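For clarity, chains are labelled A, B and C in written order, and residue numbers in each chain start from 1.
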């Protein structure tokens, strides 16, 4: 017992700690620079309470009578834009997702093409997609549907590709060895393995799309956002509050629906 | 196997009526919805012609006003940084107070309602309200993104806390540690890594959103984008879009790197 | 070569597998398999033994071109499979039944559908998607399942079965292909000793009943000696033993597996 051996064990190596320090330091630096240079007029904050009080006073009481005449149809439109857009997006995402899964497609060029499509779809916000398609198809839900679809491709495609990459290669090998054509191998081996994930992604995206399709109307892409935009421009705040309430209810119902269906699938 | 009398078997698969019904329903729905939305092939084809014109006007992108563009992008990043830091700082206590395994229900439910409210409204809607409250400019955008961050991280953080092991907490409580020490030594070590993960993801999300809230006047590059669009200034629009994509891709890359550091 | 091939087909009505001068290198210049040749005909069964990493799995996958060989030929009932591509390759693969160590069933499909998957090579993808399997296939699948004692499990999901039952389903799937040869890559390695014996009995019985060659990769030398009529020993990518089990001595095992300490 004369020799005591000290086993030092450190949770992080020096390099790791340095990296963490650099990240924190970088953030602190960025924050201080941002705070100093951003063009914020703090006096506006002081004024905010009166403004908010004014806003609330104008929003109250809610103009419920406006719902049947002006909101209901637009709300249905929003739901259809979300659903149809999701279907469109999924339809486009399936081939891209398959192309992006590196255990299925081994051609690097196709792989990169898929990655490019997925990244550009996700980098552009749905509001911006909506702007672009309003320029192409004119204002209205057609532009909105296609925008929602294009925005969904990246999300669905990326998650689908990841799910495909996680499948067990054994059954694929077995069916290939049995001489099954590629499409049969896909249908009987990849698909059964990713189906639950696929439906989960579909529902998840639909839920997001309900939220997004409620606002793309602000740039003219149809749905309840257009009603909101009109009410805002005309300062009908009692209508704005009804619109916001209806969006809130729809979003909550959609989320409840999706969580319940997901529970049953998985 | 020869010599066995062939038996006729019924189909081994239950007819999947629900599946078939679902497909028919989906197709019928698509037709109905397309009608409802007045989405038609002719409109689509007419739009494609427009699209070609639109694209030809966008090319080549016009970067001559790069100074304005750079200033806007900088503002976008500033908004994202400030909002992320304050959003993350706020969601720490709010997430803690919303965790049902640490605190009684009467404490958690107001916080959980607040988080749910932050989540249910799209950032653009929140931005509209803030623009009315504090005027045009980045302040409205920052406040919007702070709320959005609380909605996202607050929820995930609360869920992460609800999943932790209670054993270390019991030990600490048994030794008579005050509530704050229980939090610092029992709870935070278990969830800190996940919290950092959510945060780096949220920074990425905030940056994406801060490119957009400008559309309703809440600062950042979105305002210039919308203006270019309304003035049919499509080659400048293309330049803005390309720089947004570049910025977002850079931030995604950074967020991946940061996640690696904290794994 | 072609005339020879045609002659083979005429003169060999028997189901057979013939491997000629097979080479395989994953990394150029580092061959895993070096000049492998052997032939199996009719109802005889061959066990391939060799240390881990010598290339047994590689060899057996070269037979149906799941892994393309670098050089050499593989004939299935006289047809050279190494030159085939696309649909011709798929048609040739239908004649090669394969059984796997991890069973490789599609877990989320029913037992019945897994067995019918053996017929996918004969079906258009469209019919496969709609599950429109021919009635004769369904009848045959039921008979097979019944003979293996799995009739009652037909509608259950494959992941509800035990290991031995799963391997039987895997074997049934291979038999559904109407194969000219049966390949098995360590079919018993994931099973307990008793089930292993049952699976080996089943494989050998099927080989004899259908009059087709059986090639098994196996680690359990005793099992190999007990059930097969011929043993091929691989070492360093080459064949170091090829003969009946009775001729396999401890000396051979030493060259195959290396060292002697494990031989007690």
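One rule holds in what follows: a contact is a pair of C-beta atoms (placed from the backbone, for glycine too) under 8 Å apart; a residue touches a chain by one contact, two chains touch by 3 or more.
Computed from a predicted structure; not experimentally measured.
Novice: Name the shape of the chain contact graph, picking from line, ring, star, complete and other.
Specialist: Complete.
Novice: Of the chains shown, whose Cα mean is nearest the mean of all protein Cα atoms?
Specialist: A
Novice: Which of the two pairs, A-C or B-C, is linked by more C-beta contacts?
Specialist: Result of the comparison of A-C and B-C: A-C.
Novice: Would you kindly say which chain has the C-alpha centre located farthest from the C-alpha centre of subunit B?
Specialist: Comparing chain centres, C lies farthest from subunit B.
Novice: Could you work out how far the Cα centre of subunit A sits from that of subunit B, in whole Å?
Specialist: So the centre of subunit A lies 6 Å away from the centre of subunit B.
Novice: Averaging only over C-alpha atoms, locate the centres of subunit A and subunit C and give their separation in whole Å.
Specialist: Distance between chain centres, rounded to whole Å: 47 Å.
Novice: Could you work out how far the Cα centre of subunit B sits from that of subunit C, in whole Å?
Specialist: Roughly 51 Å separates the two chain centres.
Novice: Could you tell me which residues belong to subunit C and also touch two or more other chains?
Specialist: Touching at least two other chains: 113.
Novice: Help me check something: in the complex, which residues belonging to subunit A touch subunit B?
Specialist: 16, 19-20, 23, 27, 30-31, 33-35, 37-41, 44-45, 47-48, 51-52, 55, 76-77, 80-81, 83-84, 87, 119-120, 122-125, 127-128, 131-132, 135-138, 140-142, 145, 211-212, 214-215, 218-219, 222, 228, 232, 244, 247-248, 251-252, 255
Novice: For the complex, which residues does subunit A have touching subunit C?
Specialist: Per the touch definition, subunit A meets subunit C at residues 168, 170-171, 173-181, 183-189, 192-193, 195.
Novice: Residues of subunit B touching subunit A in their complex?
Specialist: Those in contact with subunit A are residues 26, 29-30, 33-34, 36-39, 43-44, 46-48, 50-51, 54, 74-75, 77-79, 81-82, 85, 120-122, 124-125, 128-129, 132-135, 137-139, 142, 208-209, 211-212, 215-216, 222, 225-226, 229, 234, 241, 244-245, 248-249, 252, 258, 261-262.
Novice: Hey, which residues of subunit C end up touching subunit B in the complex?
Specialist: 110, 112-113, 116, 131, 135, 138-143, 147, 154-155, 209-210
Novice: Show me the residue ranges of subunit C that touch subunit A in the complex, using the header's touch definition.
Specialist: Interface residues on the subunit C side: 64, 66, 87, 89-94, 96-98, 100, 102-109, 113, 117-118, 120-121, 123-125, 128-129, 170, 173-174, 177.
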